[in-house]
Amino acid sequence: MDHIDIEVVADPELEDPVFIEGLPGVGHVGKLVAEHLVEEFDGDLVRRVYTTDFPPQVTVDDEGLAELTHAKFHHVAADGQDLLVLTGDHQAASNEGHYSLTSAFLDVAEEFGCERAFALGGVPTGELIEDDEYDVLGALTDGADREAFEEAGVEFREDEPAGGIVGVSGLVLGLGRRRGLPAACLMGETSGYLVDPKSAQAVLEVLQDLLDVEVDFSELEERAEEMEEVVGKIQEMQGGGGGGMPSEDELRYIG
Amino acid sequence: MDHIDIEVVADPELEDPVFIEGLPGVGHVGKLVAEHLVEEFDGDLVRRVYTTDFPPQVTVDDEGLAELTHAKFHHVAADGQDLLVLTGDHQAASNEGHYSLTSAFLDVAEEFGCERAFALGGVPTGELIEDDEYDVLGALTDGADREAFEEAGVEFREDEPAGGIVGVSGLVLGLGRRRGLPAACLMGETSGYLVDPKSAQAVLEVLQDLLDVEVDFSELEERAEEMEEVVGKIQEMQGGGGGGMPSEDELRYIG
Amino acid sequence: MDHIDIEVVADPELEDPVFIEGLPGVGHVGKLVAEHLVEEFDGDLVRRVYTTDFPPQVTVDDEGLAELTHAKFHHVAADGQDLLVLTGDHQAASNEGHYSLTSAFLDVAEEFGCERAFALGGVPTGELIEDDEYDVLGALTDGADREAFEEAGVEFREDEPAGGIVGVSGLVLGLGRRRGLPAACLMGETSGYLVDPKSAQAVLEVLQDLLDVEVDFSELEERAEEMEEVVGKIQEMQGGGGGGMPSEDELRYIG
Amino acid sequence: MDHIDIEVVADPELEDPVFIEGLPGVGHVGKLVAEHLVEEFDGDLVRRVYTTDFPPQVTVDDEGLAELTHAKFHHVAADGQDLLVLTGDHQAASNEGHYSLTSAFLDVAEEFGCERAFALGGVPTGELIEDDEYDVLGALTDGADREAFEEAGVEFREDEPAGGIVGVSGLVLGLGRRRGLPAACLMGETSGYLVDPKSAQAVLEVLQDLLDVEVDFSELEERAEEMEEVVGKIQEMQGGGGGGMPSEDELRYIG
């Protein structure tokens, strides 16, 4: 297998598609939003991305079928707006892997004609969010229109996020900017300790506004509960060889 | 030396051979089964596989002869059924190494004409198994026949193994599936704390049935008795581990 | 992106330029000096150096604009002396990365015609420096003129620095010597626990003398006063570290 | 710089030379013996071996001159017997690096026409050696003559060293055997906690016998005392960025 191996599952023509990245990270906010979009609009799988920088691991489904771990691109037809949504269970395992993997993701996005990108994630506050006031912070590349983001409720704060943005989300902006791809990172505030559907909803509300689509939120909390259960089981098993869920290390990523 | 270097020791013609992988992992279940097959049927060494992803290490035999660490393929003529059995002392040391090494292993299996593969291992329960009820869990690629496995006593449970299957065993399925090689992982339940010949025997019983061969267990039973003594001593001393026991790291692999 | 990617921002003709390296390290002494030179003489950015050996990270500026982390070369016209000043936020993440990155830095320095190099850093004493007596230690390649350094106040001590010099600063000398580039490392004594503008000033005084330029220290002194306040606060709180302070890991580099 | 870079310093014709490896390891036994041979017989430097798998580090000599860390080959004319002696301050930093570096070392040995190799090291007993009874254990490749070793006082014990031989010494045997180079590892028993000149002397006595040369031991004890002092100083400085001395990790190697 090559270092990165992209499997073409389908090759639909997309109209003005927007690239949306939601890999695991702080509070699993980005992952929740991305998976919610795929399921809510019944997205079609278009690409599988395998890489030797992912853990040497298969997941086993309810039928007992094993499948090599990979990241997925879905085409999501959302209310007339074509989206290309990236989800998965892992970030890369090395610095170099993050760079090469994100480059490959951006290649796919370019191939489908995406001219805008959103990297979704959470930003940890270290304490529980009170009164359901989940702010959404933003960071942009220079091609993006800051005013439109502010109108959609995105906040830009001088010293935040203090440590910059790491992981695939950071590189979607960093490498995207170098390619001339206008990109934005939307980060829902979250305690950082739990899978956080409320933070995901806050991000989704902003995204809804920016993309001019409408999304049903009702299943978001259920989905978060399921995710939490899986995370819990895996933590119980601990001895049992890693898992489909990100490690504590991976949770450090804003993704 | 190349990253992976395969030494041809012998090149017999095999008839409908089955590839069996048993590298170190949880409870050393897979390793015990594979080594038992090689010894019981007096297997012939056919390939040595060296890789720079193994530790920089030689083993020293009773004559004082040093030999570079490597994985071994034996041809095992088991009761009329040709087997190609992979054993060794190490998993790879890196994500990338796991992928490239397993690819090399599958190349060898293909070269010998294997059209089925079994990855053997243990699945940790976290507690001692009572009443000698060692279940064997299964995971399959889509080419494999689930019913035949169920008839042989293999269990398929919805959420297990929760963390998927990591290491070479996982990739025999994951990469095997991508190559169109029907593969199955047989995982004996084991506490996860000790080398477990009883779990190995449970796996061997299933395998016997699936391959339609007969294996003498007596040496494995002896080993089991020795181990039980060890377990007893360890329970007395409460200290545990060390020596010939696999490290905690090795125990994380289902292999 | 390639492993190392050098972006040409400007290509001025420099006259007898001197290469000055000031990446993060012990007490951030080298970084403080290099950044002070760039700001005091209003340097022009000439190169950005990206590498997959840096963390997968973007910084976010006060406008919310994200930028891929990189090292920077500035042309500094200091009092009639052309300087090529290297600054940044990271050392490499691997042994191999240190070598390839420093090679790339030296290639840029050669391209601009630098025939002398200074690697700036701190050397940890393990205790607070008393009476503002900040000595500056030196190490040289064989092309450099030791007497001139001693006249400028640089000390050469038989057993120091005991552990040699690690990181990019060390390699500027080690690889520089192999290329025939006369190079010197100037190391300000510093406790090693805090960002140390006073140690930076001591290094700057030596550098001023060696390069025959004059530098205004007033902003550095201000910084020193701020730092002293911080030191005071930290001593009160006993907690230490965090925030803008370098991590323990970064402090291990003499840079 | 390439991954491995070999600098030719001199190219003498050697007669039936024997390759002797003494890199840092348990008790620094191998290093002590190799350095003693070089100094006692006033060896000539013939090769410097640089590699990006060594730490990014320069050593600074008493004149303040910095030199990139490297391993050294000396030609030692010992009492009519030509030796090619390898010394240095580091083992490789990765599995892959150990393999490629040892291959490069063996290439140099072959180039000079060495047809025998000795890897020198210590084997840790975990307790202080009493009554100055320092046994020397051996391990061989199949080309070597075990009887001659036994006559020289080398012991071969069934289960020792239990964990095999790791690091460059192990690979001199493992890779040497694969090249058809008769090689032996001589391991002096040592507590494993300290630089051990007495264990080095025991190894040297065996080597003297096997090579039919005579070596003056008087400086060995002095050297050990000096080394002990240096180790002490470095332990005091701790903060000071690594160093010329091997880390605890490196002391795990039998070398």
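Per-chain residue numbering starts at 1, and chain names A, B, C and D are given in the order in which the chains are listed.
Keep this in mind: a contact is a pair of C-beta atoms (placed from the backbone, for glycine too) under 8 Å apart; a residue touches a chain by one contact, two chains touch by 3 or more.
Because the structure is predicted, anything quoted here is derived from the model rather than measured.
Trainee: Please state, in steps, how far chain D lies from chain A along the shortest route of touching chains.
Mentor: The fewest steps needed to get from chain A to chain D is 2.
Trainee: Same or different for chain B and chain D, where same means more than half of the interface numbers show up on both copies?
Mentor: different
Trainee: Just the number, please: Cα centre separation of chain C and chain D in whole Å.
Mentor: Averaging C-alpha atoms per chain gives centres 37 Å apart.
Trainee: What is the distance in Å between the mean C-alpha positions of chain B and chain C?
Mentor: Chain B and chain C have C-alpha centres separated by 53 Å.
Trainee: Which residues belonging to chain D are in contact with no fewer than two other chains?
Mentor: Within chain D, no residue touches at least two other chains.
Trainee: With chains as vertices and touches as edges, which is it: line, ring, star, complete or other?
Mentor: ring
Trainee: Okay, what are all the chain pairs that touch?
Mentor: Pairwise, the chains that meet the contact rule are A-B, A-C, B-D, C-D.
Trainee: Chain A touches which residues of chain C in the complex?
Mentor: Result: residues 1, 3, 50, 52-60, 62-69, 93, 243 of chain C touch chain A.
Trainee: So in the complex, which bits of chain B are touching chain A?
Mentor: The touching residues are 26, 92, 95-96, 98-100, 102-103, 123-124, 126, 138-142, 146, 156, 158-168, 170-171, 173-175, 177-178, 183, 185, 192, 251-254.
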